[in-house]
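Structure incoming, see below.
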Amino acid sequence: MADFINNIFGIGDSWVGYLIAALIAAVLILHVVAVGALLFIWMERKISGRIQDRLGPTRVGGKYGWLQTLADGIKLIAKEDITPDLADRFLFKIAPYVGLAASYAAFIALPFADGVVAQHVNTAVFFVLAVLGLEVFSVILAGYASGSKWSLFGAMREAAQVVSYEVPLGMCVVVPVMICGTMNLTTIGNMQAGLFTNWLVFNDPFTFLTAIIYFTCATAGVNRAPFDLAEAESELVAGFHTEYSGLRWSLFFMAEYSSMFVVSALASILFFGGSHGPIPVGQWIGETIGGTWGLNISRIIGVGNLLLKGLIGVTVMMWIRWTFPRLRIDQVMTMCLKYCVPLAALGFIGATTWQYLDLPTANSLVGNPRYEKHEMWTEGVEVTPAADASPASGIPDPEPHQEDKTANADSVTVKTLPVSVVKGGER
Amino acid sequence: MSEIPLVSELRAKFGEGIIDVNLEAIDEWVELNPSVLVEVCQFLKEAEGFRFDMCNSITVVDYLETDPKKAAKVDWEPHLEVVYHLSSIATKLTLVLKVKIPRWKNGVEGELPTVPSVAGVWATADWHEREAYDLSGVNFLGHPHLKRILCPDDWEGHPLRKDYEMPLEYHGIRGR
Amino acid sequence: MATSKIDDPRVIEFDVRTDEMLINMGPQHPSTHGVLRLVLRTDGEVVSDVEPHLGYLHRCAEKIGENLTARQWIPYTDRMDYLAAMNMNLGWSLVIEKLLEYDLPERGRHLRVIISEMGRIASHLVAMGTYGLDLGSFTPFLYGFREREKILNLFEEACGARLTYSYLTPGGATADLPVGWTDKCRQFLNQFKEVIPELHTLLTTNSIFVSRTAGIGVMSAKMAVDYGCTGPVLRGSGVYHDLRFHGEERYTEMYEGYVFDVICADPETGKYPESNYEFHGDSLDYPEIPRQAILGDCWHRFYVRMLEVVQSVRLIEQAIEKYEATSGDWGTPIKLVQKLPAKEAYMETEAPRGQMGFYVVGNGDSIPWRVRARSSSFCNLSVTAPLCQGILLADIPAIVGSLDVVMGEIDR
Amino acid sequence: MLLIGTVTVSWYLAVGAVLFVLGAVCMATKRNLLGVLMGVELVLNGANMNFIAFGSKVLRPEGSLGLDGQLIALFVIVLAAAEAAVALAIALNFYNNHNTVDVDRANELNG
Amino acid sequence: MDLIAVAWPYWHQFFFIIFATIAIGFGFGVLLSKNVVRMAFYLVLSLGSTAGLFFLAGAEFVGAMQLMIYVGGTLVLLIFGVMLTAQKDFINMDTHTQDWILATIVGGSLLMVLLFGAFGAEDWRTPQDINDAHVSATKEATPLGLALTGIRVDTLGESTDAVADGKSGYLMPFIIVSFHLLVVLIGAAYMARTKKLSHATDDKSSRAKLMLFKMEHEEEPLEEAKYVVTHKGKSALNPLDPNDED
């Protein structure tokens, strides 16, 4: 992207190009977050309506109430957001921004398609998890800063829940990382190209189990659905964002919805084939047209795929929310310790032994084996960025992987990373 | 008259504690002497053939004719009646007990008449007696914590008394 | 509510360690049904004791009863248990008829069975919906109210009102059922039979609902009887007592010749009466009891209410046939200034929430000398204190919700 | 902004040193037990900064510690977490028994 | 489009300045602020910016770990501790003035010594020429992971005997640290367990009342639980009228 901008302005390899590229990326992500929140709020009302056998908003802005969320947004902006007098003014004001920043930062490392990623972070999985971990602070700060002991009570409860669910979340994430051998989300996504049998979720029963556990812990980590202890209105304690009103309150919700999308997008990349649809349509189109246009079209299809999967994940979360009653705080905690952590551990051990014993995985049965990406670190072999790196057709290799260009002698023919879908793996 | 099993048993056991048995009334009732009330209730709860283990309701009826013209025609002199409606889950029987007490304790205005509390026999009597005390002004002796249940704690007077006057104002709210 | 610095002297300030804390689950709390105030003494998450404060909805209906004639007091009975007003009217009408020794023609009796059982279904639907709300799931509430709307439409056709009907009056009903009403009622029942399994899947067999209610607020049969609990709360603990079967002569003759069974688990086997109810061929089988449910817990109370709805559907169908078989006078209401004899009468009927008792003392002229309403929720609520000893904070709405109390009836 | 030229290892060392001193002073002056803990965290981070500076190939392509620097930094982070856990357990106990977190009042040795 | 990698000369300084100022600024914030909760929040920000510095120095994996474990885990623990103990009068505990003077003198001198040392060494001061290969070389977490399991990938060159039989890595410390964490976990949990039960014997605490209440209230089952009497309820007093024999 940066080169593209540079050749437009013809200013060669200067830093201006990169500044603009960064800005464009930031604005695009902001759109995903803002428009996403807008869409999700509307979707939530429509879906909950459908589940409850009623219509949901139908009047504002046309037949389907499209602009209902916009109307809400304007109302929230117009509302006066008061700060309670006992509140710790500075922390009270900064809490929602910390929450939004955390969930927004997670989008940096999230690849929407093969090359379409804001900033190529090699340890992308851990980066996203780390940043999501920061959201706990916004909860605690909001709870403490609201001054009343009820919101403190609710905030502590919810922070404990979010922190304790990070453990099984981390364990579930390690399984796809272990199978694909890398923490780079783009590579994990690419390894699941081809038929849906290549998806990690069908790889072996243990990854299937891990996918389910991941989704439960993710719902709890974002405190949605049966785990939403925070605004448990039926209980006495109201929850940490009671004292907020107006714009600040809507920021909390934007943070919640965007982290919901991040978590479900991560789920789709790790387990459900990221930007690759069940049938590799993008790949075919990319190959038939070839060249940069083919690549761009396949990338657009890839982005569409991922957005759709993220959307499906969010819809499932909303569906669960409107059908299940709420769990008690001790049930939530015991479920984390007694069910999620052991099952995640089981999934992890199972996947490792499955991998170690090289048992038949879904894609090896169907005969469309995923391209191998294990780098072989054998002794005594000088690791040099071997020359045979397949020269990308004019497109800067998004990631100069030197580990897959090792020319090692023994059996496994290391296929080069299909940098662009255009070339496609030869198998 | 005395061939009714329950009445003969009660008479045998409590003698003159049973003041009167009225069978003509729609719901036949037995009138008791307040002193023997708790023993009778305990007995009724454990009696083999009857086992009245549910006390449906405790009501206090205030017999006082405030209108002088009608007061002449009335055949009873002013008194309070505490009516116990009992029923039995085991034998599906119902029974009404009555206790007549003076309107004010030994005639002194404002002194609440006393009746021994049956909260020990049935747990449900606890709240019923609190309501009777709150609305009709009857002091139940031996009640775990007798205090108002429906009216605010600092309310004076007992509304269901016939001679009750609505207070002029209560915390600034005009009464009459 | 007081500001966060609670200046209510009785509330112990939140001392340094999380020791005893007095919390107000205040009168205007979303999960208490109406204006009930619970003062909880909690130690962190564990509640050590609960003290209900009543009287926020006290309208001294009984004092007014001493100044109005029998028919003028009917609207006050509607406003006691406003979710099942029809059953309240029925109770008051029966007690006055008992006082006057007035016998109702057969058509009036069947009409009353139809109307009271429809009221029971409507009330149980609300109970199911609000209980779902207490535990955090919003959807059952709307499903319950959708069905209740249809019943309210039928009531509106019968008597013009949707909540406080004053339809069943001493001596009969203000008007006969309009022509074609019974067919609409049959139509409603047919489509309602498909909805019942839906309601079961929504809550009764929902695993999270079970884990939130099974084994919580367990009340033994002895405690239930001792605290005077009645209705589904009593039968939930396995006590076989339903006034439609075991009530007084005058009340049970209304259900003469009807085939229905009392929903109450057999204490030994713990099983409920078989669902012998034909419905498009396959019998409407009741969902089975989860293993962690103990007889007498919140789940069983909820389950009893859900099964009673099925029994009411059976009853209404039989009542409609019997009602259509009869013709002529449906029992016209008594005169407005009907003289009451100088006697007294007490009558209890099986209202959806328990036994609703009315006690009337007449003194010769048309205005009764003393009127007393014995409310079922009043006694059911008295159980919260012993039941809520040592439970978690989140269980209080579960227990109070399962008792299904209505404050209008408690405070009168 | 350009005056300092390309960033060198010593700049990282300087930032590390400042953090270290801030942590030390914080530990010395804070009366609140948890304030002292925060000082410890700052000190550990200052030390980490040096490890990373020396271990980074970017700053010192040839003479750097290589991966050792980063690995030791990893170990420091993990052990800091363990240390914080124990310190907080002690702090809570101290708080529960003596109803205060003031460091000056922690003078008697029992319980 | 690897921002850092290509536009090397300017960006590194720019980001370094930003992160350094944030880290040091909020470090001072921690030092100077009286409110312990504010201190905790400033600490979070300063450690977050040090993670940024780690990214800048090429230690990408360590930066992510710092964010995740240190800021996400340890500081959340610290804030929990702050919340539990920061009641009314412990939130703002300001230190006495003479401590400040003493601290600044000692601190200042220590700082001077360290800065002199930092800028003293010739090798550290001279800017190195940083090119593409070096930057991309650090873009890989795998060598770190392998190093932890004992195979030092980056020192494959000098194949000393230690490297040959795979003992050059950090496998031993790795195992020790994992056991150490386990021990700490159990120890901390044990020490911080709620000691309510130990002094629960005094009647004041609610738990004791609770247990007493449960003991004396065993529900003995209703003797005639089997209340299956079907005949209609009637008043016990009305004479045995012939027709009620059921």
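Read from first to last, the chains carry the letters A, B, C, D and E; within each, the first residue is number 1.
Basically, contacts are C-beta pairs under 8 Å (C-beta built on N, C-alpha and C of every residue); 3 or more make two chains touch, one makes a residue touch a chain.
Keep in mind it's a predicted model, so treat the numbers as computed, not measured.
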Most widely separated chain from subunit C, with each centre as the mean of CA atoms: D
Any idea whether D-E or A-C has more C-beta pairs in contact? D-E
Farthest-lying chain, centroid of Cα atoms versus that of subunit B: D
Between subunit A and subunit C, what distance separates the C-alpha centroids? Give it in angstrom. 49
How big is the gap, in whole Å, between where the Cα atoms of subunit B centre and where those of subunit E centre? 66
What whole-Å value do you get for the distance between subunit A and subunit B if each is reduced to the mean of its CA atoms? 71
Gap in Å, rounded to a whole number, between the CA centres of subunit E and subunit C: 52
Which positions in subunit B touch two or more other chains at once? 27, 87, 89, 92, 94, 96
Quick one: which residues in subunit D touch 2 or more of the other chains? 96
Contacts with two or more other chains, residues of subunit E listed in rising order: 10, 61, 65, 73, 75, 80, 227, 229, 232-234
Residues of subunit C defined as touching subunit B within the complex: 54-55, 58, 60, 62-63, 66, 98-99, 101, 223, 225-228, 239, 241, 246, 248, 343-346, 348, 355, 357, 359, 361, 369-370, 372, 374, 378-379, 382, 411-412
Touch list for subunit C against partner subunit A, complex: 4-5, 14, 23, 25, 29-31, 40, 45, 132-139, 142-143, 146, 202-203, 206, 208-209, 211-212, 392-397
Residue numbers of subunit A touching subunit E in their complex, please. 1-3, 13-15, 18, 21-22, 88, 90-91, 94, 119-123, 126-127, 129-131, 133-134, 136-137, 140-141, 144, 152, 156, 159-160, 163, 166, 181-183, 375, 377, 379-383, 385, 396, 398-400, 402-403
Within the complex, subunit E is touched by subunit D residues 1-2, 4-26, 28-35, 37-39, 41-42, 45, 48-49, 52-53, 55-61, 63, 66-67, 69-71, 73-75, 77-86, 88-93, 95-96, 100-102
Contact set on subunit E toward subunit D in their complex: 9-10, 12-14, 16-17, 20, 23-24, 27-28, 30-31, 36, 39-40, 43, 46-47, 50, 53-54, 56-59, 61-62, 65-66, 69-70, 73-75, 77-78, 80-82, 84-86, 90, 93-95, 99-100, 102-104, 106-107, 110-111, 114-115, 117-119, 121, 123-130, 134-135, 137-138, 143-144, 147-148, 152, 154-155, 170, 173, 177, 180-181, 184-185, 187-189, 191-192, 195
